[in-house]
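Paired with chain B in one complex and with chain C in the other, chain A is shared by the two complexes that follow.
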Partner chain A sequence: MIRAVIVMNTQGKPRLVRFYEFQPPEKQKELIRSIYGVLSSRADNLSNFVQTDAMFGEDTRLVYKHLATMYFVFVFDSSENELAMLDLIQVFVETLERCFKNVCELDLVFNFVKLHTILDEIIFAGQVVETSSEEVMKAVDEIARLEKSTNPISIVTKSVAGRLGR
Partner chain B sequence: MAGVVPSATAGGSSSNRSASSLVDSLFQPSLDGMIKSLRSAPGGESALIPRFLSEIRREIRSTDNDTKGAALQKLTYLSSIYSIDMAWAAFHALELLPSPNPALKRSAFLAASLCFHPSSTDLLPLATHQLRKDLQSPKFSFSVPALHLLVLSSSSDLALHLSDDLLSLLSSSHTTPHVRRCAAAASLAIIRLVPNYAHGFLPKLIEVLGPSSPLLSAAAGVFCELVSSGDPRAYLPLAPDFHRVLLECRDNWVLIKILKIFARLTPLEPRLSRKLVDPICDLMRRSSAKSLVFECIRTVFFGFPEQEAAVRLAVEKLKEFVAADDDSNLRYLGLQAMTILRKDQSWVVEENREAIVKSLADSDPNIRGEALRLIMSMVFENNIVDISAVLVHYALRSDPEFCNEILEAILFTCGRNFYELVIDFDWYVSLLGEMVRNPHFIKGDEVERQLIDIGLRVKDARLELVRVARDLLIDPALLGNNHLHRVLSAAAWISGEYIKFSKNPLEILEALLQPRISLLPSHVRAVYIQAVFKVMGFCIISYVNVHIASDSSHDVDKNAGSESLDAFEGDTSKPNSPVGLSRMKELLTSKSITYILNLIVTALAPFSECEEVEVQERACNVLGWIHMLDGVEWKTEDGEWSKDSKIMDISKIMAGVFSEELGPVSVNAQKRIPVPEGLELKENLSDLVLILGKDYIPPLPTISISLQKPFHSEDKETELTTESTSLLAEHRKRHGLYYLPTDKGENGSNEYPRANDSTLSVNLDNTEELLKLTDQSLAPRKTKPSKARPTVVKFNEDDDLTTYSRHLKEKKEGLLTGAVRDVLLFGEEKPSSSQKILSEESAEKMVLEISASSIADSLHKEDFAVGEVEHKISNSRKSKHHSHGKERHRHHRKSEDIEDKIHSTTKRGSHHHGRHKHMQKGESRNALLDVAPHTQVVQDLLL
Partner chain C sequence: MGSQGGWGQSKEFLDLVKSIGEARSKAEEDRIVLREIETLKRRIAEPDVTRRKMKEYIVRLVYVEMLGHDASFGYIHAVKMTHDDNVVHKRTGYLAVTLFLNENHDLIILIVNTIQKDLKSDNYLVVSAALTAVCKLINEETIPAVLPQVVELLGHPKEAVRKKAVMALHRFYQRSPASVSHLLLHFRKRLCDGDPGVMGAALCPIFDLITADVNSYKDLVVSFVSILKQVVERRLPKSYEYHQMPAPFLQVKLLKILALLGSADKQASGHMYAVLGEIFRKCEMSSNIGNAVLYECICCVSSIQPNTKLLDAATEATSKFLKSDSHNLKYMGIDALGRLIKINPDIAEDHQLAVIDCLEDSDDTLKRKTFELLYKMTKSTNVEVIVDRMINYMISISDKHYKTEIASRCVELAEQFAPSNQWFIQTMNKIFEHAGDVVNVKVAHNLIRLIAEGFGEDDDGADSQLRSSAVDSYLHILSEPKLPSIFLQVICWVLGEYGTADGKYSASFIIGKICDVAEAHTNDSTVKAYAITSIMKVCAFEIAAGRKVEMLPECQSLIDELLASHSTDLQQRAYELQALSCLDSHVIQHVMPPDASCEDVEVDKTLSFLDDFVQKAFEKGAQPYVPESERSGVYDISSFRNQYQQEQSGHGLRFEAYELPKSLPPTNIPTILHPLPSTDVVPVFEPSHSRPTHQTSSGVDVSSDVGVKLRLDGVQRKWGRPTELSSSSTSGSATESAANGFSQSDGWKNAASHPRDFSSDKRNPPPVEVSTEKQRLAASLFGSSASKSEKKPPSTRSSSRASNANSVKPTSATLPTEPPKEKGSASTPPPPDLLDLGESFPSSPPSEDPFKQLEGLIGPDTAPTINPPLTATIPNTANIISSYSEATSPDLGTDFISQFTKTSHGAHGISSAKKGPNSREALEKDAVVRHVGVTPTGNNPNLFRDLLS
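== the complex of A and B ==
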């Protein structure tokens, strides 16, 4: 099972945090900090796996990818294949790329909800349920269409903001 | 933009409630607005967050759903990114769940899924109805989050109410495969939460385990989780289904999961491996996906290491991994997979030796670590000396972290199971001495423990121990390194305790009293002073004894003399002492005794006023003794021994004090002490067992030190001592050979170089040389060790304790496995045969375990709803299974025939006998369940 998905930038600021087992907030903070501590100490050309027995319990490890200013981190246990998880990060990043076109850190900062929508389409309760970024995009677009048809929040705030901005 | 920045409206309050909520919604910053102001905040985000939080707290109570929704969204963001607790808002998230607005509803679900806290799940029953509605919703964008919330809640109440909906979602053909996959994943959580529901869900999951099922990947994932977390034995009946998927499925994700399942099952059912070898080898050859190939390799290594051909192929593939110069991931995983193999497959490591040794110099710490582990796994009695020597030198050139990893690995490997690999303790002890001189060395605790432990357990190593301890103590440079203080403490203790093996006690005394010991922490200094005491005592006793012995030709009171001689065990006049009588006489003159007494007084006097009580007390003890010796005439000018009765008395008392030998004590020693009469132990404490029973963890075997009469211990030891003295005699004849490693090279001299001198290393400038060295050492050598292993004192019971904790763990899993067994063995009413695929022994065990009581238990479940569903499903399953059965029967007929031929007749006979036995057992149970006993098919299908 996948235990956690964390996306953070190279300064250690988290951009997406999803734990699939309950962790109290203080513990979450601590885990993110210790993961960042490990990752930031690793040079670029090294392998992408880190044993995390001390952080997440026996037999767990994480796989990460360092892309531009971001770390994409998946934590998982022995029922997942290491290389498959590496591929899954690729699927996730590909989907982000499809979704945002030339995705950059700012996209992740301002699309908090969408990021979760995408991730939830790929991983459900720690289990991988979809591995095709095309299918994921279809679902995400469908949700977006559904929400757009009736979304007063964005309309109101945007119009107000627009008016006051003038 | 001004409107989106948090403004003074935060503090504004209005008497008109509706007006205020309107104002709120107009001026409420959106999530984007909040993020922007957080990013542009001059004083950093942390200053702004409390302000936003208080704003959110106000907004979230708004009656306007949009305001509430936006506030919740902001809170979700803050909580998720800044790890702020939002359990308090759980109720507000539930409030928004029924919202007709899809965006609001989804953000409420997201908030709920992120903030659910075990403490807030008591709110969830409030949402039961809403969740049911959403589960039944045709829109996947609602049903999936609802499922997620159900999983996260981990509330058995909710599971009870919603399991029917989950079941129908799982089986419905109207819902999309995606939703059904999620439902399958959710059912895993439900089964884990309420094991009884396995009766309902498992048949459904088994049903979708077909190669063409859209839910296959999810079902395989669920079974993989179940098999790896519970008792895999319960899932053996499903092996034919998994096998079919393995043959027919082309999805790598699914295949990986199936392989993982088989890796767990094959150790339980060796006959499976025959069926699996071909398809797995086929996959390895054919597949281009590295992940799948890697999983195959792992399955082969883990599941059937005895299948020669498969292991060969796996190793071929593994070589590609290890040799992947451009991909450190593959190299890392390749090395890691090799560690799965057992010791008897050392040829794999041997074949890859070159790559492994090269990896020791890799820039990736992961790879280096795995390489080190592999090398250590290949250490045997015959190569431990060479490999350790190479590694200790290698450590000198490594970075500090890896250097200590290497040293730790050596310490662990050599110290394992009472030093079982170490034959030559002299070598090992001097290796320890060499190790601590590594400039990066930080493992002082472990070296301290081992030095003392060896001293206590291995009598024959004491001579060399004292020599190593002397070299450590005498070096003033070591005192400045605080990682070495523990080691020095051990060295001081050893020199004090085993001073009789020292060549020159005076030298050790000087080392113990050197001015730089002020650098030591007080607890170590206390050990030093105690050692000084022992050495001093030894010197005085020896002085007396030596002169009595030499004067024995003259008129000496023989009785008094021999008495003190005996009292000091192993004293100088005995043949096994390293120092001859004449040498001792030379060393211990009246002059030298006076000198050491003066030295001690000068060095310890300041400590008698030390703030540390331990140090002060011991210093005062020593000084007190010396005070008693005041006025003793050590030697008259004419060389005649003065028979001062005072000195005789004192030396006799001292001998009495120090003659007791310290030895290792079994952790169970306490048990052997008979309970004194009248002492009631069980009366009041028996209740405690019940309380503590669950989480009592037995103490790890450790050594404690106690006084022990040297020759009055157990029978075992008395028996050993005669043996060991002869060993020691033999050893002494040749001890010169073992003091220093033979490959010392250009250093040549017997003196150790200065501490932390990195030029010590033999110049291994590139890995090639290391390779050359390991070349000889890794190759298994058949030659018998030239030297007999000395006795290591240990107690049999020490080992028993380690198995104890394993026992406790096994007890834990239970409920779920029991439920799964019920389903797989009985629930589907295809009982007796299915479990026959188990090996005879395990099957028999199981029959006993699943007794009538547990069947009755499962029949008496009061959960009507689930019971009904289960019934229906199992009926449909039965008919379906039947048709499957025929098909498979045909499919496997051929291979069975072949196997029949291979089997020898005698084997076959015994086999039949076993089957027969099971039939009988099966029948009796079937009578109970009222099921036709006609189902031998399944076993034949599989094998």
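== the complex of A and C ==
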């Protein structure tokens, strides 16, 4: 089971935080800080895995990917495969790339609701439900379309909608 | 920045994000966020907030909480937003509540109704959002409220919704298995879903179910294998390919499941060999995901019944991992190696140097993984090197959690494989010195016990040498500035017991040292208690030997201080010491016999020594004692006893009502006469010797003070004489052999001063200059000469010990139960290529959509509407039954199934496990049953309905 998905920048500021088992805000903050502490001290050429028994309990580990100014972190237990999780991050990032074109930190900051929507299509209740970024995009686009049609005054503004339409 | 107005958020929010992004310090950020919180509090409370505004506020609340600040004041508004009719608002509301609330929050009750309604919505977006909330927010009590709707959604036309419904049901199972135990069949049904995505989703709960109970799912082995086969053969739609791999995530999940099902099950494993071989053949090392599948395949191969061909393939893949430059792959390789050596320890030898490279790598993750591997492959031949390495690493890290783990592993290995007692004591000293505050108290007690008991009765000389060397090393260590409390306790105990035993040190010297310890740790009353008792022992031994004890001034001041201590325990000890020092040598020999810490104390449970006293009391007209059972008279005896025991043991709160007053002699008068042990009140830290003195008073209630004194009962005994303790007999034999292997002549005092050199020096007599440092390390780790070509099993030490150690290792329990000689037969099972997997699909040739076939598996009555009478009755009966007995399987539906599987598939699992491979008849029968049960032939519809009712 996946315990948490965290996206933060290289200064440790969280951009997307999703815990699949409830953690109170203070605890979340503490966990994010300790994860950041570990990640920021790791050189680039090392493995993408870190054992997190101390933070998330027995037998948990995290996989992270350092892309530009961001860390993408998935925390999970022994029922998942490390390398596969690394590719799941890849799927997530690919989807973001499709969604935002040349995705950058600002996109993530201002669209974190959308990030949640995307993430919900990939991971549901801590389990992987979809691994094809194409399928995820289809679903997300359809959601955007339906939301728009049921809601004439859309909050999805033209520029974003235009991007999605492409 | 102006262009960002187009992101759909208000200017305010953009400004907030921007200013937080530009904040220079944590404090500044906090200030900004707090200001934002104030603003939001004000705005939200305003009347007539438009819904659109409110949505934005809630998004801002989510943002604030993501930064770690409390936004609970706005939770209620998020809950309200879920009631909104507008899909966008509703979804935002659901997103916010799933992020804000946990399943036991008070506000949940306000959402359940909305969720119920939304699950029935015909807009699938609303349903999806509600299902997300279901997973996060529905607790055990509210599961029944939404369960029917969720089950209904399993048949939803949208596959995205079906997937989520499966996950929701899975979540319910995780929360409370009992609540959905009658619905587990639905997971099986979903395996046959027309959409591979839904099938994949169903694998998640199935994986959990199989983890909990393997045997009920053995019948699915063939199905899983055929699914995997189809996946591998690229029969899934193209959209499931990822980086040229066919549905790799599905493969990983299936392999995990097969690993569980095939573990220690020869027949199930037999079905898998072919497809596993195919994966090995087809997998490419070039892509990351290919390696993920490959790794999972190795795990599966090492978990199921061994097959030589597959093992070779797995070993080859592992060595490729280890040789890779990527740290990720090395990590996986080390992990895979750890699994493979359980089957064949020799595999590790080919990779000695790779392992050592990983051990010295700068990547901490890799290092830890490698230590894990070393831990798994420790035996008595390499324990010294490995533990030495582990301790050095332990000293170098600061992460407390990991330090604890590695310390306990060191202790475990040392206790299990120690080649000599001296080495054991030295190792323990090192561990205590550097990680004493994190090791278990039991470890200290084991160490004390070892020193006290030595090798056994037959070798007193060795014992006393061991002790005096322990005393030497402790006196040496005491000069270190900061020692953990637990280690000081051990030191005090040993000094008190054996400090003066060999006559090398004078009593006053030892007492002085102990006093120093007590003075340096004024705040630690446990250490002080150990110290004062140790002083008492040293004094007692002196007096018993007929020498006069001069009380040092510092010792006297310590005693004086403790006499006035606030701790009654310390006080008592001090008074005892004072009283003891006035006794003559004859008495003292009885009270505190030297070196008697291992003697059993006889407890006179009948208190016969009081007989005289009682007799006299009778003569003076005292009432005889009335046993409590008679005393209780008209009371219900059992309830009275319960109450009495509660009072005695717990001193806790009583939860039952007091009984009504009766006109009987008050029951508690006898309890006053009852000699209440004083030890009940005082927590006594008893290092063995004060025990006899207490015995007179505490004879009645021995159990009450067990909790606080040295508890050696039940502690696994690894050393010295074999005892009747519950420890496994094998460990005893191992340590005995280890102890025998120890040669007394090793000048161990020498080693004591250079503790770290000791092990490696002794193990590795510096070999020829040619071999590098690494090779030497490899040799000592892997127990063979470093040359790679030599494939002999570890042989540096007596091989008998090695094999002995092997049989003792705890991991051996998880080894495939097959003894080596059976390996031949394991290699002969059906040659993979000949195994006909097609047999599970006899009815139709492979069609275009493989999942149509699977769909067919559930037969004509899949749709829930077709057999309403059946589904309607089952829940009812289930309810009735479950209300009768919760302990037994509460549900008829599963009973049906389990019976069915027991009679058919359960049989093969058990019988084949017992009888071995040649029960051909059973196999055939099983094949038939399997055929009928899983494949729709149409000949036997009744049976079939049972399976999937």
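The definition used in the following text is that the second predicted complex is superposed on the first by the 149 of 166 C-alpha atoms of A that agree within 3 Å, B and C clash if a C-alpha of one lies under 4 Å from a C-alpha of the other, contacts with A are read in each partner's own complex, and residues count from 1 in each chain.
By our rule, a residue touches a chain if its C-beta (ideal position, glycine included) is under 8 Å from a C-beta of that chain, and two chains touch if they have at least 3 such contacts.
Predicted, not measured: the structure shown is a model, and the values here were computed from it.
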Return first, second, both or neither, reflecting whether A:E147 touches chain B, chain C, both chains, or no partner chain.
both
Looking at A:D87 after the superposition, I want to know if it touches chain B, chain C, both of them or none. Which is it: first, second, both, neither?
both
For A:I32, select first, second, both or neither according to whether it touches chain B, chain C, the two together, or no partner.
both
Chain A contact set shared between chain B and chain C covers 13-14, 16-17, 22, 24-26, 28-29, 32, 43, 45-51, 79, 81-84, 86-87, 109-110, 112-113, 116-117, 120-121, 124-125, 127-131, 135, 139, 143, 146-147, 150-151, 153-154, 156-157, 160
If we count contacts the way the header does, which residues on chain C are in touch with chain A in the complex?
4, 6-9, 14, 17, 20-21, 52, 55, 59, 62-63, 65-71, 86-88, 91-92, 95, 99, 101-103, 123, 125, 128, 132, 135-136, 160, 163-164, 167-168, 170-171, 197, 200-201, 204, 207-208, 239-240, 242-243, 247-249, 252, 256, 288-289, 291-292, 295-296, 326-328, 330-332, 362-366, 368-369, 399-402, 405
Listed in rising order, the residues of chain B that touch chain A in the complex are 1-4, 25-33, 35, 39, 66, 69-70, 73, 76-77, 79-81, 83-85, 100-104, 106-107, 110, 116-118, 139-141, 144-145, 147-148, 151-152, 178, 181-182, 185-186, 188-189, 217-218, 221-222, 224-225, 228, 252-253, 256-257, 260, 290-291, 294-295, 328-329, 331-333, 363-367
Sites on chain A touched by chain C in the complex:
13-14, 16-18, 22, 24-26, 28-29, 32, 42-43, 45-51, 53-54, 79, 81-84, 86-88, 90-91, 106, 109-113, 116-117, 120-121, 124-125, 127-132, 134-135, 139, 143, 146-147, 150-151, 153-160
Chain A to chain B touching residues, read off their complex:
1, 13-17, 22, 24-26, 28-29, 32, 43, 45-51, 78-79, 81-84, 86-87, 109-110, 112-113, 116-117, 120-121, 124-131, 135, 139, 142-143, 146-147, 149-154, 156-157, 160-161, 164-165
